[in-house]
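Below are two complexes that have subunit A in common, paired first with subunit B and then with subunit C.
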Partner chain A sequence: MIEEPFAEGNTLFHRRDTRVKLIAAAAITLVLALTSSFLVASTGCILTGMLLALSRPTPSLLLRRIGSVNLFTLFLWLTLPLTYGGDKIVSFFFLDISLDGLRTAALITLKTNGILFCFLALLATSTVANLGHGLEKLGMPRKLAFLLLFSYRQLFVIHQEYQRLQRAARLRGFAPSNSLHTYRTYSYLFGMTLVKSWNRAERVHQAMILRGFNGRLIPLNQPQPCREDYLFLIGMLLISLLLAGIPFF
Partner chain B sequence: MTTLPPLLELRNISYSSPGQSSPLLEGVNFILREGRIGLIGPNGSGKTTLFQIIMGLLKADAGEILLQGKVMEQEKDFRKLRRKLGFLFQDSDDQLFSPTVLEDVAFGPLNLGASPEEAQKISISTLEHLGLKGFEERITHRLSGGEKKLVALATILSMQPKLLLLDEPSNNLDPTTRERLIKILRGLDQAHIIISHDLDFLASTCTQLYAIQDRQLVRCEDKQVHSHEHIHPYGDKPHQHGT
Partner chain C sequence: MHISEGVLTAPVLIGGAALTAAGTAVGLKKLDYDRIMTVSLLSAAFFVASLIHVPVGPGSVHLLLGGLLGLILGWGAFPAIVVALLLQAVFFQYGGMVVLGVNGLNIAGPAVLCGLVLARWLKGSRKERMAAGFLAGFCSMFLSALLMAGALFLSDQGFLRAAGLLLASHLPVMFIEGVITMFVVGFLARVQPEILSLDT
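So, the complex of A and B:
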C-alpha cells in the first residue's frame, strides 16, 4: 500500500495552510534551482535542512528518501569528473579528473538536497489530496488539479489490482526465474493489471456520476489561512530573499 | 381525484449486450407501486444491467423509463433521476474512493450543492443512523468488507434518495453484519429494490418478489408452501423463507 508517512504529524509545518506552504516551497525552490553560487546552495541546504528537522520526520524513512534521490547524484559524481573537461585537471593514477566537474557535481548535489529538504518539510507534510485542492485554490486549472488528484488515487487502484494478481499467481506456485514461462507470466500479469484497473476505473467513475459528480471535486475542509500562516509565509519569503541576496553582499 | 404517478415506471425496456446476438432483456415492464421489492434471477440474467439502465449508465435499445410520470431521455434527465435514486454497487470497493469515510459520505451532498458545513452535518448524522459513529476519520480502503458495505450505503443515504437499488447487498457479509443490514433496511423510509440470491434475506427485507425469467420481469406468487431439508444447523429454529 502506498502511504503518506510524512503527512502524519502535528508540527508547525503540518498545521500550516497548504497554499502557504506551496508558495513558500515555490519561492525557495526557485532560488535554489537557479543559483550557481556555492554559498547560496550550501546556505540553502543548511536552512532547508533545519526546516526539515523542525517537521520531525521519522529518521529511517527520511534516510531512505534522501538515499533514493542521492542515488542519482551519485551517478553525477561518477561521471562528471571524468567527462566535464576544462582546464583544471588532476591526474590520479591513470584517470584524468576534472576539478570543474567535481565542483559541478558538488553544486548539483547541494541544490538537489536543498530542494529535496524543502519539499519534504513543506510539501510532504500535506496529503496529496490537500496539495491538489491547494493548487486549485491558487489558480491552477481545475482540470489539472483533478488530473493530479485522480492519477494519485488511481495509483492505489492499479497497485491493489497488481498485488491481487501477483498473490493469485504466487498461491499457485509461481516462482519467478529466468525462464520464458516467467516472462510470459509477467506480461500476462501486467496486461491483466491494465485491463482490470481500466474496468475498475470505469466503475468508480460510474459511482461518482451516480452521486452527482460533474467534473469538480469539492473539498470538505477548506480552512482559511490564519495569522500564523501569513507570518509563516513572510518568514519563508524572507528566507528565499536572503538566499537570493547573498551574491550581492 | 388525481393519483400521484408512480415513482418509477419501466415501459417495454429492451437491451442487448454489445456483441451478443440475442437480447438480454426484452420488453420489460414494471411499475413501482409498493415499497419493498426483491429481484431474483440466475447469474447473467440481466439484473445488474437492469439497474444500470434505470440509472442511465447504460442506454436501453428500446423502451422508456419514467420517473414520477416523466420520461427520462437525455443525460440531463438522468442527472435529476440520480438525485432521487441511490444505487448500491455489488462491490463496495468500486463505490468508495475518497481517503476518509467522512469525505466519501459527504461527496454526494457536496455535489448536490450543500455547503461543506451542511454536508458534514448530513454525513455525520447518516453515519450515526447506521451505527457507524466514530468512523468519520477512518481510511476507506482499510475497512473490513462489512464496514465497507455499510459505509457505501451511508454514501448513498446521505443524498437522501427516494428509492434505493441494492445489488446483492448481503453478499459476503457475516451473520451479524447481515442481521444489522436487515434491521437497517427495515427501518428505512425509502422504497427499495434488492437484487439477491439470498432468499432469506429478501424475505426479511421485501414484501414482494420479482424474477427475471425469459428476458422479462415476472412477479412471483405471494406464498408457496413446501417442505425442505436444511443444511445449516438452525433448521429447527423458527425462521422465514422467501418464495
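So, the complex of A and C:
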C-alpha cells in the first residue's frame, strides 16, 4: 500500500513550515549533490544523519528505505572497481581492482545517503498535500501544483481500483508466470484501470465545475512561518554554508 | 530506471533540469483546465503502473509505460511524468529533488517523442495500431535506458562499462514494455477508443 509513514509525528521537524523545510532541503541537497570532496560528503552525511535522528523515524521502515535506495550504490560497488580503469590497479587473486573505481563508489555512496537522510528528515516529515501547497507558494506554476496535488489525491483511489481488479483475477485462478497470457492479463488489468481513471476524471471534473472550480485549490489551513521557522531556516542555511565552505579552509 | 541522487556531476544535472523545465513548460502550455483533471488522473495511473510487477525469467520487473502515456497525452505526458516522478521521490525516495531534472528528461523525453511520432498510426488498421503500441513501449524504454547510460557516461567517463551493463540489463524490460503497451492499446481501442484520440 502507498503510505507516508514518516509524515506522522510531532518533532521539531514535523512542526516546521513546509516552505522553510523545502528551502533548507534544497540548499543542503545542492551542496551535497555538487561536491566532489570526501570531507564535504562525509561531514554532510554525519550532519544530515543527526538531523534524521532528531526527526525520530521508525527504525525498521527507515532501514528498508535506506536499503532500497542503496541498491543502485550496491550495483556501483559491484561494477565500478572492476570496470572503472585508471592508473592505480591492485591485483587481488585473479581480479584487477581499480582504486579510482573504489574511490568513486565510496564518494557516491556518501553523497547519496547524505541527501537521502536530508530528504527523509526535512521533506518526508510533511505530507504531499502540504509540500504541494508549499511549492506553489514558492513559485511553482499553478497548473503543475494542481497536477501534483490532484494526482496525489487520486493515487490511492486508482491503486485500490487496480488492486480490486487484481483480486478479482486471482479469485478466478490467475497465477502469473512467464507467458504471453500473463502479460496480456496484466495489460487488460491496467487498461481497465485506465478506463476507470478516465471516467472518474470526467465525473470529478463535472462535480468540481458545479462547485465553481476555477483552477485553484485552496488549502484549509494556511499557516504562516513563525519566528521558530525563521530560526530553523537560518540554522539549516548555516549548515549548508558550512558544508560548502569546507574546501576553502 | 531512476538515477539516484549524488551520482551525477553539475553540468549533467543542470542540463537535465533545464531541458525538463522546458519540456514541462511546453506540456503545461498545451494543457487547459478542461483537460488537467484527465492528465492528473493518468499521472496517478502512471505512478500505479510502477507498482505492478510482472514476472520475467526467475525475477520480476515493474512496469513503466511511459510510451503509453506519450501516445495518449502527447506533450501533456511531460508534466504528467515529472509529477509522478516527484511523487515517487517523496513516497519511496527513488530519485530525488536535484536529480529530478535528469530523471524527468530520461523518462518523459522519449515518452513524448514516441507518442508524437507514433500516435497517427493508432487510427490505422488493427495491425498498425498493434505496431504503434509495441514500438511506443519498446522505443521509449530503449531511449530512456540509452539516455540514462548517457547521463552516467557524461558525468564520468569511467562509468562507460557500468552504463553499458545497465543498458544491456534493460533489454528484456524493453520487450515486456513493448508487449504490454501493445495489449493495452488494443484493449483501449476496443473498450474506450476516445482515450486514444485525445490529442487530435
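Rule of thumb we're sticking to: the second predicted complex is superposed on the first by the 243 of 249 C-alpha atoms of A that agree within 3 Å, B and C clash if a C-alpha of one lies under 4 Å from a C-alpha of the other, contacts with A are read in each partner's own complex, and residues count from 1 in each chain.
The working rule: contacts are C-beta pairs under 8 Å (C-beta built on N, C-alpha and C of every residue); 3 or more make two chains touch, one makes a residue touch a chain.
Worth saying up front: this structure is predicted, and the values here are computed from it rather than measured.
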Original post:
Who wins on subunit A residues touched, subunit B or subunit C?
Top reply: C
Subject >> Touched partner set for A:F119, first subunit B, second subunit C, both or neither >> reply: second
**OP:** State whether A:R172 touches subunit B only (first), subunit C only (second), both chains, or neither.
**Re:** neither
Original post:
Where does A:R227 make contact in the superposed view: on subunit B (first), on subunit C (second), on both, or on neither?
Top reply: neither
**OP:** Would you sort A:H159 into first (subunit B), second (subunit C), both or neither based on which partner it touches?
**Re:** second
Original post:
Who does A:Y188 touch here: subunit B (first), subunit C (second), both, or neither?
Top reply: second
Original post:
Which partner does A:K111 contact after superposing on A: first (subunit B), second (subunit C), both, neither?
Top reply: second
Subject >> Set of subunit A residues, in rising order, touched by both subunit B and subunit C >> reply: 200, 204, 208, 214
Original post:
For the complex, which residues does subunit A have touching subunit B?
Top reply: 1, 127, 129, 153, 156, 160, 200, 203-204, 206-214, 218-222
Subject >> Residue ranges of subunit C touching subunit A (in the complex, touch as defined) >> reply: 2-10, 13, 24-25, 28, 31, 33-34, 36-45, 47-49, 51-52, 54-57, 63, 65, 79-80, 82-84, 86-87, 89-94, 96-99, 156, 158-162, 165-166, 176, 179-184, 187-188, 191-192, 195
Subject >> subunit B to subunit A touching residues, read off their complex >> reply: 52, 55, 57, 79, 82-83, 86-87, 89, 91, 93-95, 97, 99, 102-103, 106-108, 110-112, 116, 119-120, 141, 155-156, 159
Subject >> Touching residues on subunit A, where the partner in the complex is subunit C >> reply: 2-4, 25-26, 29-30, 32-34, 36, 65, 68-69, 72-73, 75-76, 79-80, 83-86, 100-101, 104, 108, 110-116, 119-120, 123-124, 128, 131, 141, 143-144, 146-148, 150-152, 154-155, 157-159, 162, 176-178, 180, 182-184, 186-195, 197-202, 204-205, 208, 214-215
